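Lettered A, B and C in written order, each chain numbered from 1.
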Amino acid sequence: MTALLRVEGISKSFRGLKAVSNGSFELSRGTINALIGPNGAGKTTIFNMIAGVFAPDSGALFFKDRPIHGLRPDEICSAGIGRTFQIVKPFAGLTVLENVMVGAFLREKTAAGSRATSLRIIEKLRLKAEQPASTLTLPDRKRLEVARALATRPELLLLDEVMAGLRPTETDEMVEVFRELNRSEGTTILLIEHVMRAVMALAGHVGVLHHGEVIARGTPQEIVRDPKVLECYLGEETEV
Amino acid sequence: MPAELVANVVVAGVLTGLVYGLMALGLSVIFGVVRVVNFAHGEMMTVAMYAATVLFAALKLDPFLAILPAAAAFFVFGYVLQAAVVNPFITRPEHSQFMLLVAIAIILVNGLLMIFGPDAKNVQVDYQLDSIEIGKLLVDKPRAYAAGAAVLTALALFAFFRFSLIGKAIRACADNHLGALVVGLNVKHLYALTFGLGSLCVAVAGCAMVVLVDVTPPLGPYYTLLAFVIVIVGGLGSMAGALLGGVLIGVSEALAGLFIEPSAKSMFSFGLLILVLLFRPQGLLGKRA
Amino acid sequence: MTRTAALLLALLASLAALPAFAGPYGLSVAILILYFAYAGQAWNVMMGFAGQLSLGHALYVGVAGYVAGGLFFHYEVPPIVGLPAAVIACTLFGLVIGFLAFRFRISGVYFALLTIAFAEFTRIGFDHLAWTGGPGGMFLKVAQRNTWDLANFRGPPAMYYYAILAMCSLAFVACFFLLRSKAGFYWQAIRENEDAAQALGINVFRWKMAAVAASSAMTSFAGVFFAFYYNNLFPEQIFNISRSIEIILAPVIGGVGTLFGPILGAVVLTGLSEGITESLAALGWEIPGVKQVFYGLVLLGVVMFLPNGIWPFLSRKFKL
């Protein structure tokens, strides 16, 4: 089976500071994956390179065996990679339904089709369609981010700290949403997370980043026992 | 064309440009700190010019002495305008801010038209036609004085922002609004002070300009546009950039009057503005955001 | 929904019947209102829908007016041919400005100033072109005013009234459908948050260009109307920044981004302006500038106390 996403030796520096160096990994179709690491480890940089916010200085990215490095964010999205933002960016002047419809128009020609798709997703995420986005609570804003990304019908969904700031029960609800999505639609997921509770519950495969390098990978159970990981990640910062 | 003539025109352009620069400096300081574009800037300038003509006609007050009361009055006006009217608009969208200041501009320019009528007004000081000889150069005395007043005011403002505690606090507000609030600065008061200082620049520039040109109400919108061109060229928010931009525009206007049709002179300015916006939107001396 | 549609049809019917009742003065005021409503609607596509603040829309009015007017004046090309030429010319102008601005990532205040700069640049340019007649102006031949000659856009005031009424109605319907189409959703997404819009697969550059093209093309109709209604063109007047401000007043006062805003704003502002003129004349205060001072004061009041415009306020109050 060929990988859905192949990351081959990508590096990125900002003003001489190496954020990511020679990062490589593969995501298989239909899996749930997590990228963890302490603050400043390069998680968000890798995420942004996959999402097309900026191109890697060197290395290559392949999605369904097609090179995608250097494409713009909208081209990445059209190719089938959806993303959420860590700092939520709702279209505040629009309703929840309208927000999600913007995403749905990528694959739907008509307003009616886009509306139908959006309503299904909104129901799944337990949002209220007619609520103005500006009045949503933080957990609902995070859900809206996910709903909008889902509306573009991604094959790979990139989640940038969607659990941060949620209460444990809300986290569990969100975990259930992604499990269900992965089960029913086969959507491949890559999450960047600080919240270990969510990573342990959700991810089948975990990669650990430290100082811009992938230092370990494996199942969550293997990762938490890996002495390298304990030393440089769990040793400094434990969030459960 | 004789070299002396060109040199004289260039010098005159530099001197007028410094007065333009001071006017634009006011706009730049207000935008740099409050992040509001004062679309009534040129209209305020003409109000200062009319004030100087009135003081001259009524009290025989030399425009360069009229600077003092005018500056004080404009400072208060700017402070109150910001604190009472503009402040709630800081968080509103740009078109809303624009509309607010356009409304103020309409009131100012038509208020002047109402009071003074459409005819040009000016002041005739005794030294109007005097000139200073420096080697082969002939410099108009009023123009030299006007430039001197502009430079002194600009220097005082530089010093204020660099050395005084309040000046530093204002710069802190401009750098980081939230941070300024966190350390307990009274941001609303500092913003109002800044608008006051920006208006003060306009008052000085207006009093200085009135000895160089006649004033009519339509000069207001023209100066507003001119001030935009200057601050964008120099760099919105950059103080030295405003003066440099003023000099550039002053010289180019003067030379355009000499070499091409005078009526086409501002085409050059707007062309320069477009080029700067496209290729160096932070302005010649501005820092990249 | 159906109630609103019925109300709109009733409004349209009464507007269609207006020339039967209104005298020449009433008709000229109505034409002015509809003209500003139309131009405001066109500007609203760019700013209200897509969030790109243009302060130089007089540019498109002027270019269109001069293209159609100039073709008629110099070569006797009827405006029915001049109109498409004007639309093409304006759209090209818009696309060039949009291309430069969006390629160089000019946004916000800087974009607004760039649009002013282009309008001013063009104004001064037209002032020095022999073809436009320069500052001396261009005067279109006024033919007979009794019969309707749509091809040459010559006829009685009622013809101009129906023309601008049709333009307004079509613009309203077009904007109604645009807002509910993919374009409308994409524009609003760009207005609200460009990064989020791009992450949802929207080619931000292309859709902003589309907004500029749509808005400038719509505005060009207003320019052609202006040229053949007033029959004289002066660069100093038609491109003046105060013309650009006039265009945006109605939608800003009525409600940016709303369908009814430009129309309501045009009614309120023109009504206000005419009302002030009339009452000042009755009082005998005919000093130049008085009218505009009152106008500015009212504007100031509306902007300060109804920051989102009159229409959102009314629709909330009366649940329209």
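We adopt the following convention: contacts are C-beta pairs under 8 Å (C-beta built on N, C-alpha and C of every residue); 3 or more make two chains touch, one makes a residue touch a chain.
The model shown is predicted, which means the values in this text are computed figures rather than measured ones.
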Those chains that touch chain C and also touch chain A are none
Quick one: point me to the chain whose Cα centre is farthest from that of chain C.
A
As a quick test, compute the distance in whole Å between the mean CA positions of chain A and chain C.
44
As a quick test, compute the distance in whole Å between the mean CA positions of chain B and chain C.
32
For the pair chain A and chain B, the C-alpha centroid-to-centroid distance in angstrom is 51
Show which residues of chain C lie in contact with chain A when the two form their complex.
180-182, 185-186, 188-189, 191-193, 195-204, 257
Within the complex, which stretch of chain A touches chain C?
51, 72-74, 77-78, 82-83, 85, 89-94, 98, 101-103, 105-106, 109, 111, 114, 148-149, 151-152
Interface residues, chain B side, partner chain C - complex:
37, 85, 88, 92, 94-96, 98-100, 102-107, 109-114, 117-118, 217, 221, 225, 228-229, 232, 236, 261, 263-264, 266-267, 270-271, 273-274, 277-279, 281
Chain B contact footprint on chain C (complex, rising order):
47, 53, 55, 100-101, 104, 106, 108-110, 112-114, 116-118, 120-121, 124-125, 127-128, 135, 241-242, 245, 248-249, 252, 256, 287-293, 295-297, 299-300, 303-304, 307
